[in-house]
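Both complexes shown next keep chain A, but they swap its partner, so chain B is in the first and chain C is in the second.
This part shows the complex of A and B:
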């Protein structure tokens, strides 16, 4: 939703979300404030992750017991299984005690045991999936962002024909859901033209190692998921950059610079630098949505990342695994947002000068 | 108001988006009138029947016949009967006879048949071919050329009481029936899905449910966002701080994650379409809040608002008459985006297996989920998923267009 807000809106956002930038005495203070915010949101995420599932009427342990016991009618057996699970997951203890156990385990780096892949630890599952997700999504989102911004800036600068074609096209591209783009690319290139593999992250007959054939297999498997995420994110970014650039091109300082007879090339440089800034915050603010879409796209390709882990966890009602994936994804989004905030402060001189507003 | 509307409908983008949306809405209303019935009814026993018109074989046997002598009938019949295995065998024969098969396209029936007729020789003994294999080719050749000889199908009826088989007549190769005379003809423009359901009927119904979900989610999110944004922006101070604290937290925590946690905890039985919609709305108010708040802050110190305050008007009245009309356009734009992202959120949830329960209504996301579960994308059943993707993209596209149009009307700097 963020990506379609108008340029004027974004400016306002900036001034207002930038409220914390006002009266700042410099970068260090800004940094401290961002760290504090990071911690606060992280704690909030932890609490939500803990409390939301427990607020609900359904008892996850009962559900799991039910699934496990199945058609067995032996009441004592199922009661014993239920108690055993209650013990293991600690649901028989008071809420606050559960919370502290949960936090304690987290700090020990223990995310619990998976139900569906018992006795595999959730840590192992996440650890084997997370690098695929980061390796896929981080480059894809960055490339999509860059390409989108270049196209949007060009559209704003050239206008006329290019803009007339590019705008509706970007709008349509960004309307296609990430999973839809994934399916279309998969069917076109993997099923019909057979120039790309259908699923997975490497050949199914391979064992991960550092041989050339394995690396090549990873590269070929990488293409379709990568481009499906890139294509989807280009559209939204291009639209944002275009309206931001037009907004800047109409700004007073541009007119003034033209009066002064400054070369067009130089003005354009300034304009796009100014238009880029909100795009960085834009990325920080939309990264959550983008990752969400990209995770679903992973499922289409059976890419062994967090999206697929979450999918199998949901289908198998593997409660600890779901909760761990959501937590890890939140943490990833928080970290990326944090980094972008810091980058933003580095490239926006106003933060350093502290003369905002 | 009238002026604003006229202005809005002068924007080409808005009108284009609006037309697409109205077209989709009209389809949703009109199609069920033409083709009534339960969209979840399983009409096909198999999975993924191809799109097209299905003619009852049983009824066509007893329909009135006409004899038509069509020149290309035999040729067409042979072509439709030539299976892939036959084609592969033919090419194998050529290879065994050292006839160059370079440039032969197995899917080009005409070229393959001409080549076969020119080259096949019953008496030839390709090297390394057994008698059984040679006989196979004789049969294959017969089946390809025998279309010229008169073969007649006979229809029999089995008496269920005695088990006696009664001859009911013959079917000639030149017998034709008029499709209009056949009692049962069913057109499935988009075939059937994995459950044997009529995809088009299901799609129209799913489209309606998804738009409903989008609207509910949009209304919930917009109401919460509007209320919080107005409070934070107009009152300021501690109220603003608290609301913004919460809003900032929820800006960073991805709503997608919250959505997964809540819908999963709700459990499959609790998840009706409307419940899912409300949950989506509850997790996506953040942007509206921020947007409304920033607008209100820029408004609250304007002269007309101050004048109202000095006149002693109540808070309610100031908000209703002096603030809301000014931000109405933003709220409408935000609402449109909420609707389209609500539809998308439902689709993503359903793909994860967390969508509305599957027994009541189809949604676009559920259709997509089913198609993926039954590998429609791998077995070539494009009709099961492509129309769904196109519909989702079409709805979001129309809404985004409307939004861009509105944006240009209300933000003159963006006009072309």
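This part shows the complex of A and C:
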């Protein structure tokens, strides 16, 4: 039947001969394995997320009681208030019982009540902070990644002067720690030149709404934290992409393609597609670890995102809030690596061949 | 006399090292191949075989540079053409190349039929993709390659399959000259045989009009090509038809080369194996006289000073030595 095959029937033929069925079966097995691992890691992370904050040597309930009772010296009254709060937060129960209550509430979508911002619910705090983080980090990571990769690829392809300038600059940028870059930008543009606001996500005298003045305020407050993240990630990405591209440009298949008369434009396309593959991993991981990465920039610029929330939660030993933020980090890393595993197997035939057997 | 497919006159190419030294790895090489004929190039590692292969393509990139000489493919001189013209109109369509490391010659993330599409479109931008696929499919089945190969990535193929696929891709545009640079050196004997069979088959069916086959495995050349050329230190030292080259080598280096291999043929089998002492000269400063003088058993004082001319004995047999051919034959006869 092979002889009567038209280009259109090719796919069908492969399916009929079982070639693709074998692939499908391999893929399903691979997928199931990944899902099982995902669940195991998630459960382990859930337990650690719960236990680790609670091992801190602090009594947040006493702190709230202290705040409420103030200067009263009535010991029985404060003891009663303390007990009431223990009852409400469940901290008087054994750890395992607390854990199951926590899990039970989690399934209902309830992350508990914050200690430090009592009586705000953790859900509310997270919901108001998460969009600031995503809005700041996601574009910054993507822009930094794109610019870094384009510059690195150009440096590898053009070499000469461009490379000689870009390489040291990238090394310099990537070796500055994130907080260093944030402080440099802050001092330069906010303190010295006074062309950008010092802190916050919008003017502190404003109430969030959709007026032009508010949007403009958000945009001006956005610039410094945004570029501090972009600049640092450009350096690292450019260095990685440059060396990958140089490696690929000297690969045997490039020489062979040239000798077959294929145009440089096409060959450069091959090279950058292949050099890009490891960079995709880098992108996915920085998206996954977004909140941890945001911590420094958000604290320095007092940006109201999840990084700031996590920071204040840790300093106040606010167990429910710490568990919630670390849970979000865990989930994001897990989901991103899961997607990466699946997508990578589809875009790189070498990984596919290795994984599906 | 049939048409001459490839004619090379006094081709000289050089490597420019990082320290701006010139290394002439191909030094005044001339050769001729007629339609339907194949030429084998033999020599030890570093003698310039692979560089000659690259030089013949007429397209140079650093560190290899063109110096002088002509490459004429089917009457068209390509050595004066612009690199972009060579790439568009000559490479792949007139003269094609099979690389030494075919294992890594294919882009790991491109399917074979996509790559073939790229090759064809580079020479004919108006070609229809469906036609290209159809053509590739026909060619693959004609050459005995499974058609499913087209829908695969390079990683999914075995070494032998990869090599044969590369050969099929190189010849997809039916080039007049095919240059095969050690296409079978990395393969086991069975795969080697298949590769050789495929190359011969392509010659017979006219997919390629002539072929240059480079190898260090002399017994293979004897079975594959019509003529054999022996290279030493960037120069041709002897050219002859395969049979005479293997059984009656004339140049002392050819003689040493043929004596150093095991050939299971009648008449040669009983000879004892010999080795050639010494190492080839450094091409940065080649010796003034005969380049083989230092290692030659039959060296005369003047060999070290006089430039050795190529001596033509007619019938395609030529050699580069200070001794006359009668004298050489006498000396060889005395030894036995």
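Quick note on the criterion: the second predicted complex is superposed on the first by the 238 of 357 C-alpha atoms of A that agree within 3 Å, B and C clash if a C-alpha of one lies under 4 Å from a C-alpha of the other, contacts with A are read in each partner's own complex, and residues count from 1 in each chain.
The rule is short, and it goes like this: a residue touches a chain if its C-beta (ideal position, glycine included) is under 8 Å from a C-beta of that chain, and two chains touch if they have at least 3 such contacts.
Just so you know, these numbers come straight off a predicted model, no measurement behind them.
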item	value
More chain A residues in contact [chain B versus chain C]	B
First, second, both or neither for A:308, with chain B first and chain C second	neither
Which superposed partner A:228 touches (first chain B, second chain C, both, neither)	neither
Partner chain(s) touched by A:217 [first = chain B, second = chain C, both, neither]	neither
Which superposed partner A:300 touches (first chain B, second chain C, both, neither)	first
Contacts of A:37 with chain B and chain C, given as first, second, both or neither	first
Chain B versus chain C as contact partner of A:65, first or second or both or neither	neither
First (chain B), second (chain C), both or neither touched by A:114	neither
Footprint overlap on chain A, where chain B in one structure and chain C in the other make contact	2, 5-7, 17
Touching residues on chain C, where the partner in the complex is chain A	57, 59, 61, 87-88, 90-93, 96-97, 99, 101, 103-110, 118-119, 122-123, 129-130, 133-134, 137, 141, 147-148, 150-151, 153, 155-156, 166, 169-170
Residue numbers on chain B that touch chain A, as the complex places them	248-249, 251-258, 260-262, 264-267, 270, 284, 287, 290-291, 293-295, 297-298, 330, 333-334, 337-338, 340-341, 344, 347-348, 351-354, 368, 372, 377-378, 380, 382, 385-386, 389, 392-394, 396-397, 400-401, 403-404, 407, 410-411, 413-414, 416
Residues of chain A defined as touching chain C within the complex	2-3, 5-7, 10, 14, 17, 19, 251-253, 255-263, 266, 270, 273-274, 277, 347-350, 353
Contact footprint of chain B on chain A as seen in their complex	1-2, 4-9, 12-13, 15-17, 37, 40-41, 44-45, 48-49, 52-53, 55-58, 60, 63, 159, 163, 167-168, 171-172, 174-177, 179-180, 183-184, 186-187, 191, 198, 239, 243, 246-247, 250, 285, 288-289, 291-293, 295-296, 299-300, 310-311, 314-315, 322-323, 326, 329-330, 333-334, 337
